[in-house]
Amino acid sequence: MSIEILETFPNPNPERDYVIVHSFPEFTSVCPKTGLPDFATIEMHYVPDQTCIELKSLKYYYVSFRNQGIFFEAITNRLLNEFVEVCSPRWMRVVAKFNNRGGITSEIIAETGPKPEYLP
Amino acid sequence: MSIEILETFPNPNPERDYVIVHSFPEFTSVCPKTGLPDFATIEMHYVPDQTCIELKSLKYYYVSFRNQGIFFEAITNRLLNEFVEVCSPRWMRVVAKFNNRGGITSEIIAETGPKPEYLP
Amino acid sequence: MSIEILETFPNPNPERDYVIVHSFPEFTSVCPKTGLPDFATIEMHYVPDQTCIELKSLKYYYVSFRNQGIFFEAITNRLLNEFVEVCSPRWMRVVAKFNNRGGITSEIIAETGPKPEYLP
Amino acid sequence: MSIEILETFPNPNPERDYVIVHSFPEFTSVCPKTGLPDFATIEMHYVPDQTCIELKSLKYYYVSFRNQGIFFEAITNRLLNEFVEVCSPRWMRVVAKFNNRGGITSEIIAETGPKPEYLP
Amino acid sequence: MSIEILETFPNPNPERDYVIVHSFPEFTSVCPKTGLPDFATIEMHYVPDQTCIELKSLKYYYVSFRNQGIFFEAITNRLLNEFVEVCSPRWMRVVAKFNNRGGITSEIIAETGPKPEYLP
Amino acid sequence: MSIEILETFPNPNPERDYVIVHSFPEFTSVCPKTGLPDFATIEMHYVPDQTCIELKSLKYYYVSFRNQGIFFEAITNRLLNEFVEVCSPRWMRVVAKFNNRGGITSEIIAETGPKPEYLP
Amino acid sequence: MSIEILETFPNPNPERDYVIVHSFPEFTSVCPKTGLPDFATIEMHYVPDQTCIELKSLKYYYVSFRNQGIFFEAITNRLLNEFVEVCSPRWMRVVAKFNNRGGITSEIIAETGPKPEYLP
Amino acid sequence: MSIEILETFPNPNPERDYVIVHSFPEFTSVCPKTGLPDFATIEMHYVPDQTCIELKSLKYYYVSFRNQGIFFEAITNRLLNEFVEVCSPRWMRVVAKFNNRGGITSEIIAETGPKPEYLP
Amino acid sequence: MSIEILETFPNPNPERDYVIVHSFPEFTSVCPKTGLPDFATIEMHYVPDQTCIELKSLKYYYVSFRNQGIFFEAITNRLLNEFVEVCSPRWMRVVAKFNNRGGITSEIIAETGPKPEYLP
Amino acid sequence: MSIEILETFPNPNPERDYVIVHSFPEFTSVCPKTGLPDFATIEMHYVPDQTCIELKSLKYYYVSFRNQGIFFEAITNRLLNEFVEVCSPRWMRVVAKFNNRGGITSEIIAETGPKPEYLP
């Protein structure tokens, strides 16, 4: 399962609520309907609790979607669910910005809950 | 009727309030007064409830306006009304950005109600 | 009087609070002090009540300032007052962005009152 | 004294709270430490009360700093203090954006108090 | 210790809450895992209390990280901690924007607490 | 026939070789294969001989393609041929830049002959 | 006549072929057909011979077109002819970039002859 | 073999030398050394002789590289060779712009011969 | 004299014709007519012969113009003449891009002779 | 010696003259005069003969300059000399774009000889 690829390391500053954003402009998967590739930029925003997501494993995790057939809405929610499962953040948001398909570009935004007002 | 073109599919994650944005820069209709074409970029923002709007049918729905005579303000409100009728979202906003006409560019924004504060 | 140039038409969707923005980058008038031309982009943002401002008449209205001598602050407030007089909107803001004069660019923003929080 | 250069004129619309922004990208003074010139863009944002700052005198006022030795933090606060002294605005903010010095760009923002929530 | 490089000077206007932002696009350190260099733009935002951070010493402080092995999350928090130790600001935020590594760009944001609502 | 829409007027300065460029970002026709609309920006560059193409008629001429089924390569060559037939220019080039179709954007460039070296 | 507004001064370095470019983004005249204003950016490129065109008089010369009715092609050629009459340059080019009219933007380029190959 | 995917259609205007450019920003293949995906924008420029490359088949041809292991230099030359084999153009150039790998972006340009001087 | 500020160092690779470009966006002098400051970006392009211009002295040389009254055309030619006098380059070009004055931006380009065709 | 880090591989298409461009925006070395770091973007353009430069070794080669003291002009020429020594290209150009130092940005361009006219 692709979630097993993700590794974590201990948050070096758990005493503070700080925000981490990782952006990956080379996400690609396959449309289950047409079999054609989809492309997206994925942004992950989170406030770590006890663990942070390790960057190199995150890259391999994203790459594991390359030949999977999955829809836009499902990708975004699945990424959020699996990231949360792996690192139990205090708060997390996933933003997926999909390339033009049939002249339409799409952006899907899912989060664990409203962004706390005290965050930057 | 053009609204019949729109198809939906079940929201894969109805347990979560998440936001979907579809942008279409190739919207065109006809000015009822002059008979000349109008051009716009249409952005649809929504929080799905039980159903999501299917992307390919959305494209065909937009294309069905190509030879209709309709004013800017009416287009924007009609799009919002028909999208709501088809997918009953928890919240929806339509933004229509019209190209320069006589040196003036116009943007019209309609929504089902104020954007809930807890949304991203 | 230039205000008589402005025409309106019935708001097609008065049951909803929606926002209309018209931007005109070719506004020009004359500086009363130097006699030299001034240039500005004028943005009008409003929530229509029973009537909307007609686009072609708006263009002719703006053009009628071409040879009038009037200061930046006065232009912006006068535009707001006259637009309000003509269409009695639920809320309106005028933003005037003046080109570089003597190395300084200026922007003046006037509105009928604070933008209601429930507006997009 | 450079403040005497600044002229004002009566606010044509004191019955309304509106915002004026003047931006000047050619501000230059001298670093008291190195004797080398500093460059900045100065933005002045304010809500006039009974008087507005006259644009041409503002330019000459800025030019009067050309050979003065003064530090970044002091410039920004002094500009705010002197503008307030001259026109007693309802609210004012000064933003000074300094060019790269030693690889670092700096921005300093001072205001008479929090921006009132009802302002645009 | 690199913190000893940082110098301060008395805040010329401690009677006012104003914001200082210093941006440094040439920060570089070394990845402890791979030994390869990392690059970032560091933004420091703060409201000075009795002292301000001196610009030239700030540059030398940043340069002192050039051959240190340190992770993204740790850099950002350490910068914040050391800046606070040196100048005891009323409020401070550090934003570190790291260049593409393995196709992923990262941004980390830490602050002493929520930004006070009355600040610009 | 759409070519009959084009009007000309006498070149006011036939004694000089000068270049005219008209750009139209709202060209749209229909793909003969899929029935879906295509969109392009059309640039016409020419050196007039005895007649120039009249701007308003050019707009109506472009609009006349709105519901015609025609391929990219054929559009570009037909535009060139018809413009030449109507105004017999000393030299002409047509550049058609088509929007993304299936992820591919296309640009097609046809001209009456190599651009003379003495032209700007 | 508007050409009498233009002033010249002696070329300080007639022993060298060097290029001067003046760009004016606020040119406006009136369309003789519709009576509506046209807007353009005018670029003048030239190699001075014995005299240079004085900048302030150039501005007043451009402003003198404000209420003249004249077509795009005629403006460009007339500007070139009058500049040449006034300063007899070694070489000159005028580029006029007109704003969107009916969805079409136009650029017209006239020159005294091919740009000499040895010029920068 | 992937070349068999490419289809052609008769050049509608073989009597003229005109240029076709197709740009595809979603090209992806696999690095034979690391097994990680590579991403590129591919531009194909050509002057058709008797046949043109069909756009939809071109898309499928590009997609067929998705899981092939191939180096940057080899991709570019192979694309050129296969396009030439399929449509025997009068002239062709392939430009491949590869995304950042290890901090380095690469661009490779191959063509059938120097671009003829008479082409636009 | 300001030219005495300029220092040189021996060209490390005089056996090769290579190009050096130094750009300085903070050039300022004074208009002899109005006494107001002028601002420009100065680009110096050259092929060194036996000596190169030293960077720090170049900065001080530019700063020495701060309070000199001198016209645009004269500045550009004087810079070229003095740079040539100091380092006797194989070829040199000076480009001066002046900020908006009265709505007009100016660019002046002078060189020692046509750029040799074999240079990059 | 840093040149020993560079590896090559056989040119897969030596029968064709094609161009390879590698851009590296993270080059850094040390100024021998001040001991402070310099930053540059290095572009290498070449036509391979029998061997190509391997990308990963190129990255390590660039990184090896991190703590070397070397001047701008010398860096550029040394890079060109060492690349040529390692891969004996048919033609090569090195472009080094250095960050702002004291307000001046510099670009240095060296090549093995004029770019052959038949290259793209």
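For clarity, chains are labelled A, B, C, D, E, F, G, H, I and J in written order, and residue numbers in each chain start from 1.
The working rule: a contact is a pair of C-beta atoms (placed from the backbone, for glycine too) under 8 Å apart; a residue touches a chain by one contact, two chains touch by 3 or more.
Predicted, not measured: the structure shown is a model, and the values here were computed from it.
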| item | value |
| --- | --- |
| E-J, D-E or C-I - pair sharing over half of the F-G contact pairs | D-E |
| Distance between chain centroids, defined by C-alpha means - chain A, chain H (Å) | 32 |
| Chain A-chain B separation of Cα centroids, rounded to whole Å | 27 |
| Chain centre separation in whole Å, for chain E relative to chain B (CA means) | 44 |
| Intercentroid distance (Cα basis), chain H paired with chain D, Å | 55 |
| Multi-partner residues of chain H (each touching 2 or more other chains) | 26, 99, 103 |
| Interchain pairs in contact, sorted by label | A-B, A-E, A-F, A-H, B-C, B-F, B-G, C-D, C-G, C-I, D-E, D-I, D-J, E-H, E-J, F-G, F-H, G-I, H-J, I-J |
| Of all residues in chain F, those that touch chain G in their complex | 11-13, 16, 18-26, 48, 52, 55-56, 58-59, 117-120 |
| Chain A partner contacts - residues on chain E that touch it in the complex | 71-74, 76-77, 93, 95, 101-111, 113-115 |
| Sites on chain G touched by chain C in the complex | 26, 28, 36-37, 39, 63, 66-67, 99 |
| Partner chain G, residues of chain B touching it in the complex | 99-100, 103 |
